[in-house]
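Letters A, B, C, D and E mark the chains in the order given here, with residues in each chain numbered from 1 onward.
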């Protein structure tokens, strides 16, 4: 099997194994652009608008972390982008543009079934949240990897496909003789890694992982995260990584997008988000978990609870819980803008009226100054 | 293996309990075979015959119920089911042996057809939930709600008596002697068509519904979504992933129904004058023919238990999770 | 043989339909329940001593395997002269030994002795004649002897007659077994039959699982000869092919009786029994509940006609049953009954009501009970029909007398003796709560009991009639039970292939295919044109 | 079949809170909200409504049938075996009885037997199934064997035998017999369900809180089985009705008590079909089919209600078709409908 | 809802030293026992699960020879990998299942209960909060029902306003204010954090002395986690309840627990003061665990290349159960099972590396050993 080395792949983003700082630059070469994606749940007259005009760009070779409170729509975003959202999900608008290696863009939402089938797994693979349920319990894992390969490369024989499956398992650190195992004979960590191997089978350019480590203990989590990082370095795919675990995300992601109530509220380089959050919610989130090492620090929770997505008003959804909220927040739902805090990465975006004076003026109010907590440098 | 041994123990207990019930139920019934015979003949057998018949059936001896029970087990363990009263002196085993092939042949084939077709249709409906296919459901529901004999009698009236397409009764052309000739076999098929069709029609909806519901459940399992995400062809996802797993619970119902095949569909055999075991059971009950009744019950019990064991086994083959040790 | 007449024998098949379900390969003609008895083909392979015409019991028996049977005046000894020149179908000669052996078999095996339990004496062969002794007088049972089937000694000698399955079926009769299958048995003519080879080329007995199946077969012509109760047979059956289809009723003394419990209210009062008898619409019952299949009883003596004509006592000759509500009411009021509005009140001051009990599922009985209840209602008595489980009726209700009124059949026989004895014989009387064999209504009258005994053992025809007169008188006056219709042997047949069956014009034999008369009927059948 | 829209609307209102569990967080909902009526949610299902309407119709007939019957069902008349006419909607029998009246009057027997048997069998099934599932161990094994024995023994013959043993076979007796032989399946399903419930944390939590076993079974486990019990009940009623009819058909049961089975039995024993008297045979059969169908449809409703996955699409099938949306696994529909908000 | 560093727990007193009762005036009983007194003690606790099958001898060694004590007003954290037996211990302590071996002492007396009454008394003192806030509340009951039941069981027949007051008091104690807003809700109408608090309120209704909190935060997102931790801390400080805090989140153990115990494959491998255990782990497994936890502030200090899975509990490895994965394992580790050895003030670790045996393994930094 030939795995394309990212270094000789044309147009691959410059990868740095020598330090994080270089990877911080958002890619100018997007592989996946999600534009104004809207998703509803429910087929009746009164659906829940779970995603509202979400836009997100994934650069080639980049690891994009997606974080946010539970129920804010992270999984929905991942599934909608691949059109795998289960009923009663309904995509009501937007585009999902995928750029293949030769630079051709296709809108995944406009493909017909056959085209979509052909594109899946080749272009974009997804690792689902529960590895326990993602594998068919009645087939050996070898077969499950092989049938994905053969569906896209019909000329491959079963034997070749199994050989490749063995290589893939080896890649994720599982002995190839495990090909003959049934899913229930594997531990949770192994299953999760099988899923990753399976996702890598066709050398996809985008890998979406929905909470791949939540069910595992930290030791196992560490193993898997390392594996992904290593493979990404070797194979050069881009990753969307969804998790609750902010500390983990800061560690492995190049860029982090913070979601709140079905919208992206902040999108910036990982360490920037950690050290210099611009959105009050990001800031609160980062003050909610205790650090393992170093000095004990004050933990600030987020008062209140997330809004009911089916009853959203017109203002900022976070306004109720926001200590920096002001009058305009109840009237205008902020759009993603580039905050002009001096010294910032120009590409970082945030959806907060504190950083968007023009939107505040548009409703005829005087924009208050940016509070110091949100303008750390 | 241990799992299977344990199941086996469970089955042995069930078997014992079922056989014991089978033994006692007929005996606590009021009435006896002689009176039943006289009743059936309503005056054509004189009451004087009673004592002769009593002697004939061996009912003149006094044995305690317990003794009979012990004897019964003794006989069973020697593979002897006793002698039928109604068909005296034919051994019960012979009566059953003569009837079972017909029942298994007809009801078995009908059940298999019903299961296969029903499961296929059910997969389709479950997979395409929310389309026109859903409208098949109320129709099949109707046929499952209709009493079987009603359907069968109307079928006979329409297709046999009025249209003359199918014979109304019997298992083969009565002028033929059972041999392995094409003539005979085709006659068996011809005579079996209408009964088989009515069985299929009245039982198929259960399979459709069961499969459909399982399909709907299984379709929303993550691994089906993963299969779709892998870009597998629709056929592979439908049959290889969704239906393959949805069929598991169907298998045990199927095994159970295979077991009941041996019991025959009593009503079908009465309505179509089919020479199966269900009719014998019915006659035996009416005639208080304990040995025959018990024999048939025994065979049915064993068949159902056996089918269950097979189902357990097949389930183990189909679902590797059950093979898990510990 | 080729299509046409080959010595008069046709190639067409005569199919006999029976509703007894699939059979087991057991041809034993002596053991109840064997296929040959159940379907009836035992009667065309094996034959009886004499043919009697059950339609007309007064007709002299026709010699068959016996040239003659002579009884001593006490009817305790019968001397049988076997027919000459009869051969078994394997070529052996038929002799008196065979007869004696066949009867001895029954004596030796109580299991097979359904006709004369514990009544056989010595059975000997003297001068080529068989002498059978009985321990009691058998005047009323003589036909039972005539109907015994005779089996070959040389085949049966070494066998256990009870369990012998007799696969070969070596008999003297007009047919021999060709093939057996659980749902059809085929027989071919016996070429060397003493009566001449049958003109019926092939005889097939088809088993149907129930009456409905047989009815369908009869109405489609699939079965050509058989017997089943067909409601509204005229339109259901005959009209399907009026040219060929026939239903004939035989005669005999079998009747269905409404047993009245003479020892409990309300039937312990003879006036009420009489009154009820006067309001039962026999014609309606016969036509509606019995569809005219069961002939109406018209004589007040309850005797079926024409079989009973010869026995009706001169006193009642020509006296017919009539519905007479007013007369009945008068009988009641005379006996101390009163009316409260429409309600009949008995002399004790209680309203009269009773239950008519029969097994559920016996529809003709239940329909008849319904009509009887209507009759009772016309008297102001409240009668309800109570359909109960057959086993309960059989094991509890009937023998112990746990009923007020219930329909039951009587034995047939060749004289009215069974009919009357079954209803009112004090010899069968047991108190309520004990198992009764007959006389379920617990009627007790010493005169009647004596008269019935006299009739049975009587040697002189006039004396017998005198006894019978006494019985009839009490039947009419005491109304121990009410005969509702006669239950003769009835059969359906199609003349599509063969003609010559008994008809109502020429009732030469019981028309049913199951019985020794089958051999006689078959000998009269000829292929239809 | 027209659907009672008022019920639909009401159901829709009630649906909302039940979506909440997935969010795991509910914003300040105005005031406390009872979700008791949530249990009637299945009424939104058009299949269930159809079923309920038909069943309600038969229930009504069961109550008022004897009063509205134009004739005494047992009364003879001179119109013998007449085809349907204005005087006799379903024709007459061989005794001139009015078939329509027989069916009206007979509804009660069918419904009573069905429901009595359903209640009894469900009761036995619940007691045995839940006990077995909860107690576990030897008790479970014993009760399982018992249930299995009843499953293994062929039901109809067993019913015939037991029914044959009773002195009189009135409707209620038949119901009891059907219940005795028909509880096993439900018990098995309930046992399996109880087994899984027993391991749920909330049961353990109740135990850890010191609740008595009896209370755990009745207050913690049983309410969670409601839907299954309900669908088992409906299934048993359907089964009991069919059994009753079949029993009556083969002549077991009180032929003097009117129900559809006795109508069919009489028709068959009088060879109605052979005599061309279809009006005698067909209506009762159709009524049974209709009743059975209504029960199956209700069962559907319950099933879809129990299984949240079945819920949403089933409920909105019609509007989906109108909008051209076909919900599928793995291919999320994309509908670019005009959006008024946030454009 | 904040906890300042000053509120962080003081290091617990050594087991022998009685803690000062000053200021520890809780609502239970002002004159009651002092903080730090042993309330519930597990001695040699052992739980083996039989495998299915007649005559099967195989057992799952879920918990083996575990000793620890829970003290008044103190929090003991139990960490360890999945399936190491943490929940089993909690269930054993709650007496939801019988132990295979060992004893439970409540205030020094054997706590084994016989009969329903004794069990009720026991659960009145030892209450458990289940791992899963979604599963441990019966979906068919309202908050009111659940709390009322608990009150009735443990405080007798309360009625009318008395009951109402008790309910409100309970809900307010777990910060579900205003109580009327929550009291008539069904579990599905509550958020995860709210549910968890209802579960806690239910446990508190019994006025327990011991609270067994089994991973009360694992399923929740960070903001809800924090609320619950604060609540537990408050319970400890105000009501002086002894708490067993089971978690995967070592950082939270550091923050919230006085002492921390680490389990591996059914055994305790290390125990000690939380701060010390998390900052200076002694046992190689603890080291691996701590080093594996992500920490954005210290991106380099991570264990790399850890491989291997938890051992089978049916046939646990002989000797030290961690030996197959331990980079320092020697023959000794493979053959003999290490006892808990003292490794510092109030600290113990079950590793031969801290013994004075000649053939003891030589320990070094696990991060480097694995790299």
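Definition applied: a contact is a pair of C-beta atoms (placed from the backbone, for glycine too) under 8 Å apart; a residue touches a chain by one contact, two chains touch by 3 or more.
Chain labels with UniProt names: A, E = Peptide/nickel transport system ATP-binding protein; B, D = Peptide/nickel transport system permease protein.
From a predicted model like this one, the values you see are computed outputs, not experimental measurements.
Engineer: Along the shortest chain of touching chains, how many steps lie between subunit C and subunit E?
Structural biologist: The fewest steps needed to get from subunit C to subunit E is 2.
Engineer: Going only through chains that touch each other, what is the minimum step count from subunit A to subunit C?
Structural biologist: Minimum number of steps from subunit A to subunit C: 2.
Engineer: Hey, which pair has more contacts between C-betas, D-E or C-D?
Structural biologist: Ranking D-E and C-D by C-beta contacts puts D-E first.
Engineer: From the centre of subunit E, which chain's CA centre is farthest?
Structural biologist: C
Engineer: Using mean CA coordinates as chain centres, what's the gap between subunit B and subunit E in Å?
Structural biologist: Roughly 56 Å, centre to centre.
Engineer: How many angstrom lie between the centres of subunit B and subunit D, each centre taken as the mean Cα position?
Structural biologist: About 24 Å separates the centre of subunit B from that of subunit D.
Engineer: When the C-alpha atoms of subunit B and subunit C are each averaged to a single point, how far apart are the two points in Å?
Structural biologist: The computed centroid separation for subunit B versus subunit C comes out at 39 Å.
Engineer: Do you know which subunit A residues sit against two or more other chains?
Structural biologist: Where subunit A meets two or more other chains at a single residue, that happens at 69-70, 84, 86-87, 113, 116, 305-306.
Engineer: Could you list which residues of subunit B touch at least two other chains?
Structural biologist: 29-30, 156, 161, 220, 225, 227-229, 270
Engineer: What parts of subunit C, by residue number, touch at least two of the other chains?
Structural biologist: 212, 216, 390-392, 396
Engineer: Can you tell me which positions in subunit D touch subunit C when the two form their complex?
Structural biologist: That would be residues 74, 76, 81, 94-95, 163-169, 251-256, 265-266, 268-271, 274-275 of subunit D.
Engineer: Where on subunit C is subunit B touching in the complex?
Structural biologist: 13, 15, 21-26, 28, 31-35, 110-117, 162-163, 165, 179, 181-184, 186, 204, 206-210, 212-213, 216-217, 220, 254, 390-392, 394-396, 409-412, 437-438, 487
Engineer: Which of the residues in subunit B come into contact with subunit C in the complex?
Structural biologist: Listed in rising order, the residues are 29-31, 35-37, 39, 42-43, 45-49, 51-53, 55-56, 84-90, 94-95, 98-99, 156, 160-161, 168-172, 174-175, 177-178, 269-275, 279-280, 283.
Engineer: In their shared complex, at which residues does subunit D touch subunit E?
Structural biologist: Listed in rising order, the residues are 17-18, 20-21, 23-26, 28-29, 32-35, 200-212, 219-220, 223-224, 226.
Engineer: Going by the contact rule set out above, which residues of subunit A touch subunit B in the complex?
Structural biologist: Spelled out, the residues of subunit A in touch with subunit B are 82, 84, 86-87, 113, 116-122, 125-126, 128-130, 133-138, 147-148, 151-152, 182, 184-185, 195, 198.
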